[in-house]
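Heads up: the structure comes next, in structure tokens.
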Amino acid sequence: MSSLLVLIATLPLMTALACLLHPRGGDQLSLVASMIQLVASVLLVTELPSRSSLSHALGGWAPGLGIALGADPLAGWLVLLCALVQFATTLYARFYFCDSQARYRLWPLWWLLASALYALLLSGDLFNLYVTLELLGLSAAALCTVGAAKAEALEAALRYLLLGLIGSLLYLAGVALVYAEYGTLDVSALRTLISSSPASLASLVLLSSGLMIKCALVPLHFWLPAAHSSAPAPVSAVLSALVVKVAFYLLLRLWFELFTPVVTSAFATLIGLLGAIAVIWGSWQAFRATRLKLLAAYSTLSQMGYLFMFVPIVMALPEGDTRQFAYGALLLLAVSHGIAKAALFMGIGSLQQHLGHDEIDRLGGSARKLPVTLFAISLAGVALVGLPPSGAFLAKWALISSSLVSGQWWWMLVTLVGTLLAAAYLVRVLGAAFAPTAAAEPALPTCRLALQQPALLLAVLATFGLGFAASPVWDTLSLSPPEVQR
Amino acid sequence: MSTNAWLPLLILWSSLVPGLIIFSLDESRQRLRTALNLIGAITKLLLVAGLIWGVYRELLFEFRWTLAPGLDFVLHADALSVLFVSLSTLLWLVTTIYAIGYLEHSPDRSRFFGFFSLCVTATVGLAMAGNLFTFVIFYEALTLATYPLVAHKGTPEAIRGARIYLGYTLAGGVLLLTGAVWLRTLAGPLDFAQGGILGDIPGLDPDALRWIFLLLVAGLGVKAALFPLHGWLPRAMVAPAPVSALLHAVAVVKAGAFGIVRVVYDVYGVEFSGELGVLMPLGALAAFTIIYGSVRALSQDHLKKRLAYSTVSQVSYIALGATILGPLATIGGLVHLVHQGVMKITLFFAAGNYAETLGVHRVSEMNGVGRRMPVTTAAFTVAALGMIGLPPVAGFFSKWYLGLGALEAGAGAWVIPVLLASSALNAAYFLPILYRAWFLPAGPWPLENHTHHRGETRPSLQWPPMVTAALAVLVGTFAAAPFSPLEWVELIATREYR
Amino acid sequence: MMLWWVVDLTLCALMIALAAGSLFAATLRRRVIFFIAFGLLTAIVWARLQAPDLALAEAAIGAGLTGALLLAALPTAQPTEHKRDADRLIEWVSLLLAALLAVVLIAVLTTLLPVVDGDPSLAVTARLSDAGVSHPVTAVLLNFRAWDTLLELAVLLCATIGVLNLAPARKAPRHAGALADTLIRILLPLLILTAGYLLWNGAFAPGGAFQAGAVLAAATVVLHLGGGVRLPPFSLAQLRGLLALGLLLFLSVGLVQLAFGQALLQYPLAWAGSLILLIETGATLSIATMLSLVYLGGHPLRDWPVAGDSRDREI
Amino acid sequence: MFSPGELITALLLLSAIVVFAAGTLALLRLPDPLCRLHALTKIDNLGFGLLAAGLALIQPTWIDGLKLLAIWTLILCSSTTNGYLIAHHCVWESRR
Amino acid sequence: MEQAQLMFAATGALIFVFGLVAGLRDDSLLGRIIAINISGVGLFLLLVALAYRGLCQAADPIPHALVLTGIVVAVAASGLAIAIGRKLDELRNSSHRREGDSS
């Protein structure tokens, strides 16, 4: 079954090369490749429960010397998330860029970003993670510049690139310290080796700060709103849903598997505090945003804040199934936010392409002209806010109950305030969209239906799919809780 | 999954599936949309009839689906839920007919009827919820389904009213969620059970339980329009008549009251909550709301606002009934759930007819409306008299049982005066309308459309109020009949007090 | 052996001085010059620290290419930076912060060094015999950690495509005179010869795909600076082929092994050496193309990525 | 006690150091860029020549010695061209 | 042998930190690219110092491979940044020129 890992890791690279060599075939090839990738990741997730984790030693060398591709349930679910969002956004990008020249420019970079995502999720070597992080940062920045004619889009991409580089350098410094102290770069070996010493504390701080720049935690988040809101819609969908999430996945690996002896409760509480600030500040800025894409970018900031708030709670919970429940909820929130945010950005993209702008106050009457997109946006909004039918509601329920069980009740307050603020900015958008058409708006042709279906597909999945079929997340996770593998 | 498990699910789907199909229909498919609506309503009615018959014979109807470890989505049909399900299903059929007539030429009807059926699905789901977790899911889903209905017209004040409505209900939802989660962490899975579950769980800290009760009742009180949280109800009257009829007389408001009944009887257990001493403040608040609602209704000139404030006061009867220990008060409170629904919906239908045919929105414009539209005004009169509490109509019985229950529980000293005062106030704000409608000469109607109708207005607008008025009288006179609401409530009461 | 610490001390002092110069010098032009000097000095330091591969790469890529890129990107109109006092305060605070962090990092390093025990290179030298190449660094790069190098090629490809998508190539500077032409006529064959030598030598001694590719890219830079003598007219398809060659070869060789039931990127013992050489040649050509395109700042051809049907012609 | 080879190497290296010192001094002291070019091209080339010759003598195999001399010839070519280009640029700059 | 390793590692760390802070603070594009490249070289110096095993012994090849990869990645990133910067100036100048003409 380890050849499945190889397929998932190498297929995007091969597609990127194919799209580079034969641009005209890019459209069909991308659709077919994303479908194969989706099927492969579903197989991976279904395969995982029977064996705690799959691994494939590259080049046949033992992990100490060579690099091993590995996947455990946490990585498996995120691979599925990436494949799903990738499939929908590829379908959407196919129709979003009407100018074929822009599409031919997009596809190679698109698939290099995808290969970075999958290589990162499957990699089991610290330095290999540095190279994938770099590929991720570069391809994301390059994608932001595709089809960007305005100066501020390029400026945002540039700032994103430079901050990404600084983040990667910090990460590499951490890797250097780990290598100096323990002599190996392999994650599974380090899991048992790392003990608390000044050097490993320094490397933890370096690694974490590098990755926190990449997933835009509050003090280091200034690049995200500009970058995500000025990029074209399918790109910002992938950026918000996946790139930020994958950086968080690495942080999870570090905090909960590698550096568990080094991570003190003070460190975890600091992380939780930063997450809480991100939740409140992100939702407040989203509420005051005037443009839809800016609103969505700020809501990414606040949703990532929730994930960070989970950290001190999971850290405080004792071993056993309450911790398992919280860890599963963390994963469910990450997956459901990824899907819902991608749907939201695609919906906003269709709106922008249809109306020519994305100011919230001039959205009047779009509900009548684009019913499918508005329905997708409201469903995605429901999933983002965490209202009942959605998986995020289960995750929020788990967040509140585990914050009470772990005795840190203040996280519950932040969650409630965050939910209300999120509901506020969602209502603001829907209210504007349902309003009657202002006379000044020119009657524009209704958008091609194909452009609206991917958003609806993902939105429905985020609300009803994850709402009712979320229990497998806990089943697979409970089979091999990360801590027990020690 | 025994066959019984599918019945609650089928009841849910019978309005969910037509709703989703209607969403995808475009505007012009008028006939198909009406057909779908009616088929959905009728199948649901038949299914509910089967359910009533099954529950009467003590059959177990339960659908369980685990969403997450320790969190199950449970649909469980017991006597109490069947009462609310049958009420909302019956009135949904009548209101759908009324809505089809009312929205004859207005735009966005597919969107309206889609959300309309989603809203009823949420109400029915809420009624059949088997544990507090499922109840919270449907409680919030109800908020989401009703927001677009209130904002349907798209006018600035409609959107503002809807935003205020959403603000209140979401805040309430969050409070309910917190209480439910806190209780869940303390007391484990909260499946509703006759006579309450918290009583026999040892080692629960009473203070925490009091805080949780406060959170739960505050969350539910928003929808049940208890005193400080009722602000949204009058403003939500901006919605079209069928919406304010079904939602603010039956679905939304009753969901809150039903929630309070569930919490008091099936989570805490009425004896246990009595020991905790939480019932007294809730009872006082309910009584105050009854008086406050009626007083505010006096000064409202806008007809629908006056009806809204009367709803605020009437719903608190149910809360009052729940807080008085003793089966008789319970019967009074619960049966009022049905009676008030039937009577209030007639009033809203009538108000909708006046607005639609004559353009009459204010009480001051209703001079001589009885001569112009005798049938609708007759229905209005019957319902109004029932609200005041005159015998043949249903309203009398609930007040009667409430009074008896209060006497039996020894709390008669303050409950009886409240009942009498509220009846007097009801009379004070309903009788002038009746006097103005029947005895004053008719003035020029603001919107006299001399269309071709033989009767007062379109048949689909005229028949619903007559049916519901007749229903109110029938329920009143045949209260002792085997399947009447009163009999059914007595069945519930006997099971609650084990 | 006493003298070596004098050399080390001067090297470190020079490194810090040049780094400070290139970070805090007044004008941008001076900072770039400092940076190039710093690059050359780093090459010497790598040589001192027994890392000849890195010295080659640093001289060719670090100082050479990046320096040339920065010089070419220097804006002609030089805005004079006037430092407001607020900036000065921020500068001081950041310097203080940097000093503090440096001290902490160095303190941590003292607890780690000297790194002797648990020498990972033993693992490498032990398995060197069946790695197909005798030079340890090339063995690690192309056999033990081949996946890293493959992804690194993808990074370079991604940057190149990003640059190509953005803009047409930089205009060649005006003709630099006859003397420059003679120098180019001397340098060009030498550069190509050394590139070939480095590529071949990679298996036994310091060298390899990256260094060879960088030297070839340097040849393009020299050609460009020498007045833009007509670059070989690549067609779009050839350009794309060259770009994708390295990664394609690497991937296909790796996947072919999979067909034989071995792991990804595992070379059969007998053919390991020749397979690695094949991959290295492919990699050298694409690295050379990619680095020179990155230096040229775009595509020298009329319309990227597809000729003909594009409505919006670039140039 | 020194074999003749070592003696000559030491002599060559010492002279190389002296020449380099003079070149650096000239670079710092001379007023305008054109004069300083002399220091850069002529004196440094001579210094490097001496250095290369000195080192070539003590190399283990004669091939390495040849390599050093080859390096020296390359430096000669490139520094002359650089000198010419910089001078050309300075003159063009001053005339503008 | 230890002093050399520590000396170079310390220099590397110093350059890495100062380069990083200058990279965060600087505002001109080229300045930030230079700063990031310098902090990269500082970090690589730290890595190679760790790999140093004495004057004539063979050093540990793994950090060398890592640093080689790092150098290539650094030049790729700088190239892309400069290209974006060049397109940005082009857009800004053309927009100024357009404003210039139209006003």
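Labels for the chains are A, B, C, D and E, by order of writing; each one numbers its residues from 1.
Simple rule for what comes next: a contact is a pair of C-beta atoms (placed from the backbone, for glycine too) under 8 Å apart; a residue touches a chain by one contact, two chains touch by 3 or more.
Bear in mind the structure is a predicted one, so any value in this text is a computation, not a measurement.
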Problem set entry | Each chain counted as touching subunit B and subunit D at once | none
Exercise. Of all the other chains, whose mean CA position lies farthest from subunit C?
Worked result: B
Seminar exercise, completed: Most contacts overall join chains C-E
Seminar exercise, completed: Per-chain C-alpha mean nearest global C-alpha mean belongs to chain A
Exercise. Which chain has its C-alpha centroid at the greatest distance from the C-alpha centroid of subunit D?
Worked result: B
For this session: Quick one: report the Å distance separating subunit A from subunit B, using the average Cα coordinate of each chain.
Result: 43
Exercise. What whole-number Å value describes the gap between the mean CA coordinates of subunit B and subunit C?
Worked result: 74
Exercise. So what's the Cα centroid distance for subunit A and subunit E, whole Å?
Worked result: 28
Problem set entry | Intercentroid distance (Cα basis), subunit E paired with subunit D, Å | 31
For this session: Mind pulling the residue numbers of subunit E that touch at least two other chains?
Result: 16, 20, 24, 33, 46, 50, 62, 66, 69, 73, 76-77, 80, 84-85, 87
Seminar exercise, completed: Where subunit A touches two or more other chains at once, the residues are 127, 131, 134, 138, 141-142, 145, 173, 180
For this session: Give me the residues of subunit C that touch two or more other chains.
Result: 105, 109, 112-113, 115, 119-120, 124, 145, 148, 152, 155, 158-159, 162, 166
Problem set entry | Chains that touch, pairwise | A-B, A-C, A-E, C-D, C-E
For this session: Please name which positions on subunit E make contact with subunit C in the complex.
Result: 1-11, 13-22, 24-25, 28, 30-31, 33-35, 37-38, 41-42, 44-46, 48-53, 55, 57-62, 64-69, 71-80, 82-87, 89-90
Seminar exercise, completed: Within the complex, subunit B is touched by subunit A residues 321, 324-325, 328-329, 332, 367-368, 371, 375, 382, 387-389, 393-394, 396-398, 400-401, 404-405, 412, 416, 419-420, 423, 427, 430-431, 434-436, 467-468, 470-471, 474, 478
For this session: Would you pull the subunit E residues touching subunit A in the complex into a rising list?
Result: 16, 20, 23-24, 29, 32-33, 36, 39-40, 43, 46-47, 50, 62-63, 66, 69-70, 73, 76-77, 80-81, 84-85, 87-88, 91-92, 95
Seminar exercise, completed: Counting only contacts in the complex, subunit A reaches subunit C at residues 3, 6, 10, 13-14, 16-17, 20-21, 23-24, 56-61, 64-67, 69, 99-101, 104-105, 108-109, 112, 115-116, 119, 125, 127-128, 131-132, 134-135, 138-139, 141-142, 145-146, 173, 177, 180-184, 197-199, 202
Exercise. Touching subunit A in the complex: which residues of subunit B?
Worked result: 23, 65-71, 73, 107-108, 111, 133, 136-141, 143-144, 147-148, 151, 154-156, 159, 162-163, 166, 170-171, 174, 177-178, 181-182, 184-185
